[in-house]
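Each of the next two complexes has chain A plus one more chain, namely chain B in the first and chain C in the second.
Let's turn to the complex of A and B:
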């Protein structure tokens, strides 16, 4: 046996990674799929119930409205990211790529929030938007616009937009750097000949750059989709397990957490008698939503490459 | 050539000027808010809350003294550092041997493994957390940093993908020369191949360590005892009830942010190049 393995060194190279990755990344999703067929709270008896959990999830009015609300918020984050953050990222990347003065300074400044942990980012937003001590209100007052001051973080309708703003402020630099990287791969000659023929700053972006960074855009759209379906920290820190006032900052991942680990804190509080069963059911629905979209995108990209 | 490039960057027009102005304001505001936080962290709580924009009565390091002496800041900090260092070492080791195994050797199922290690990108850790929680409970690893370390280090899809590409691109002659010189498979990897991958490894380290350092979800679930908690969890403890702990929230936010950012600014050119390299591969 050992002799035979000696001739196959790749087995030794692959084995540790294969074991660790399979146990903690791949297996759990399938185990969750299996658990979702049981009525179970992690401690008591496991009772097989077939697809009853899925039926419950989609027919129970309260669960359904919670899920739809969370889904709406997650999709809002995704749409805002693609429609607003991404064009801004591309424009910033293009400006820096075009050797604007201060390019290095911009890169460092725009990227640096990436190194700030989520609780601190939420705290910084409190300093900016809080009703009493926030800078925004102070600035409005100083500008004579006192009528517009309000406690920004306390208004339920604004909640999800504030969450999005935090996500964007924290993460906008990463995408920007990816776009800069993609732009650096473009042949400079085509840009220069376009310039010679009189194509302006924006025309060059539209006709030369954009078509050539299409793949990066598509990849980042998919990444943003997965992120908005799995983002958790901001909503949890801002609104707690229940997802804020009237669940205004609730997102899919937080909904899943609430189902699986109860409404107050992990291992305590209001754990339902079916927490693990319903939790894994939500996880599986969410996983399918990610998997299907990712598959469609991969197929589209794959077909184009052929 | 040089000249036309300069011309190209000069003729940007008015709207481009607006973009640049926006970038200046945005960038400066980002730094200003950090300085603002630093400034407030030197003020007593009452002063911050009731006299936010007024003249400070006194500035002192009292908040920091309390944070470090009474609230064990460095224990949380140490936990975070330990988890980061161990996960990162394990992840780099595992992902580079895996990538090397796939890229270097011809065997049946090679293509399968390439895809198998990539699909993890579609398997977010959060969604499998219930079964992982059960595993950790059975292994008695709840409240043990090893739980967070193992799961963080298992997330190797992206690193394996990047490194496989790199190793596959190395000329075969290097490998053969080393084997002919009498080095074993393992020595060849450790002494010859792995050092060559250091730019990619660096790029992996940057992306991954930011994620691990700032991760919130895994520690929240696995580390419930104060003794095991990490820095982000300490921050939440203070920012949760701001009225009572405004001063400590300022101090802990500053102390957990500014040193890292200074490191980033000092090594920014190298780090940003690493990030860009990772993005082009992905």
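Let's turn to the complex of A and C:
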């Protein structure tokens, strides 16, 4: 064994990372998988129930309705990000890459919300859109449009779009940086020849840049999918554990949190006897939903590279 | 010289031994998790209570942290790292019973906690399966209606003495451009408080039948839900109340935009400090009977972790919390309604909170009482029925049908 390891010294370098990854990533996944086979709320004895929690999750009308609603909202965030935010990120990256005037300032300004924590971002939006203290309503009142003032952040019909707007405002610079990085790896010769051939600003983007950064686009589509499935804080801050009125800002991670920890409240009430069991079941389903898509994406990438 | 030296050493050693014999006991430090969500209300009171306790017990030091939330206590239970003492909700939830039955908290029967000053409801609060597990509650809390006396005086509205007068007051306020009853519709509990105050006055019979586990006539509950929906439709809770939270509602009241607000007696201190005069009244029924809702306050109820290394000292802290001295400090700062008779009520605002005729049932607890794992009417009521009513998506009839359907799933019924 030692002899074999001597022949492969890189294994020693991989070992610390492998051990840490196993303890902190692999083990919790298997532990959650194991817990999902039990009826348990974190206190008292665990009762082994096999796959009953999974059966309950997919057959209970109320649970299924909550999960589908949360999934619909998570998918909405994903679709809006890919269809609206990503083209904007590419355009901004291309503008900076093309050395437009003020590009560096623009780059820093767009990326800077990344340094702000979520509660502060929500607070900033509150200062702008709140019904009582928001500047938007003050401006409307000053313009004599007081009848149109609303408590914008809480309008139930727009809930998930408000969540998406905050996520996008905070994170748009990150994707942009990825695209700038990808664009910088493109050979300038091809762009210069296109320029010589008479291709304009947008044609160069469409025919030269986009085909050469499509792997980055694919990767960021996957990252957006993972983010939309795992985002939690905005919905929690805006809508609480229940996910807002009619669960209008509910997302998959919040649904998991509600199942695992959300059955307690200021008035007490009944504590769910299976909060941990059902919570870990939701977590496992969520993990599979992300894992399968990530696997497909990886296969696509490797096939392309081959 | 040698003899003198030996004598000095011997005397010194003897004195050292004697000093050691008379030394104070080792100081014990108790870690306590206070109610983090109510730190703003409780901090001054607990600072003084803890100082008084440490003065009386110089060998016990307190490390009092506002770390107790539902989540931190859950995590501490699962990781077997509970502090020596932590706040509990008694019989308001099934949590303390679960902790007691699984051996996480100390059974206080052998410590002889003095219950003579407390009502049966307070003793029941601290009891699980016939044994005491936490300090006894000394205060009551309920949701009430605060009103702006200046607006009421200007519009010549008198303090409503029955439901008819309350409806008339609401209509007068609306006609004069005020929000009659500020309510946050955004959060589960923000939107719930109005229904909690309405329920004992308007559908006590339905709640009694639900609690009795027999046949239920939902007529009065349906009527109450229709009133809630009608008030929402008419804008009596404020413009866009569905999109503002409790803080937004409080802001509308404190800005003088709203004539009334539904809030807890636990927030009495906040309303007392406003720059206009605030009154309060318990919700009246059609005959003028005024209702509070059942609810012992958990401000002074703490349990001891079973694995504490200092059970005697921890129980001593519970005894101190149940002393007249500590409860009076709490009353002086918080202004709650005492359920024990030997406390001096802080001021008139607390006396006003004590002006109710009947302690009615708490609708959330009534529905929780017929819930099990498969049927949870209290969750449907909070998460589905109330939002849909205030958005006018369902009628009172459909609302009771949803609650009844969920109740029928439960084996408890």
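The criterion applied here is as follows: the second predicted complex is superposed on the first by the 266 of 306 C-alpha atoms of A that agree within 3 Å, B and C clash if a C-alpha of one lies under 4 Å from a C-alpha of the other, contacts with A are read in each partner's own complex, and residues count from 1 in each chain.
We take it that contacts are C-beta pairs under 8 Å (C-beta built on N, C-alpha and C of every residue); 3 or more make two chains touch, one makes a residue touch a chain.
Just so it is clear, the model here is predicted, and its values are computed rather than measured.
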item	value
Chain B versus chain C as contact partner of A:294, first or second or both or neither	first
Partner chain(s) touched by A:42 [first = chain B, second = chain C, both, neither]	both
Which superposed partner A:132 touches (first chain B, second chain C, both, neither)	both
First (chain B), second (chain C), both or neither touched by A:237	first
Partner with the higher number of touched chain A residues, chain C or chain B	B
Which of chain B and chain C A:178 touches, first, second, both or neither	first
Which superposed partner A:261 touches (first chain B, second chain C, both, neither)	both
First, second, both or neither for A:161, with chain B first and chain C second	neither
Contacts of A:23 with chain B and chain C, given as first, second, both or neither	first
Intersection of the chain A residues that touch chain B with those that touch chain C	42, 132, 261, 266-267
Residues on chain B engaged by chain A in the complex (per definition of touch)	4-5, 7-9, 11-13, 15-16, 19-20, 23-24, 26-28, 30-31, 33, 36-37, 40, 48-49, 52-53, 94-95, 97-98, 100-102, 104-105, 107, 113, 116-117, 119-132, 134-135, 150-151, 153-157, 160, 185-186, 189, 210, 213-214, 216-217, 220-221, 224, 231-232, 235-236, 239, 242, 249, 253, 256-257, 260-261, 264-265, 268-269, 272, 275-277, 279-280, 282
Sites on chain C touched by chain A in the complex	37, 70-71, 74, 77-78, 89, 91-95, 98-99, 101-102, 104, 185-189, 240, 242-245, 248, 251-252, 255, 362, 364-365, 368, 371-373, 376, 378, 382-383, 387-388, 391
Contact set on chain A toward chain C in their complex	41-44, 130-132, 150-156, 239-242, 244-247, 261, 264-274
Touch list for chain A against partner chain B, complex	8-14, 16-18, 20-21, 23-29, 31-32, 35, 42, 91-92, 95, 98-102, 104-120, 122-124, 126-128, 132-133, 135, 138, 169, 174, 177-178, 180-182, 184-185, 188, 191-192, 195-196, 200-202, 216, 219, 226, 229-230, 232-233, 236-237, 253, 256-257, 260-261, 266-267, 276, 279-280, 283-284, 286-287, 290-291, 294
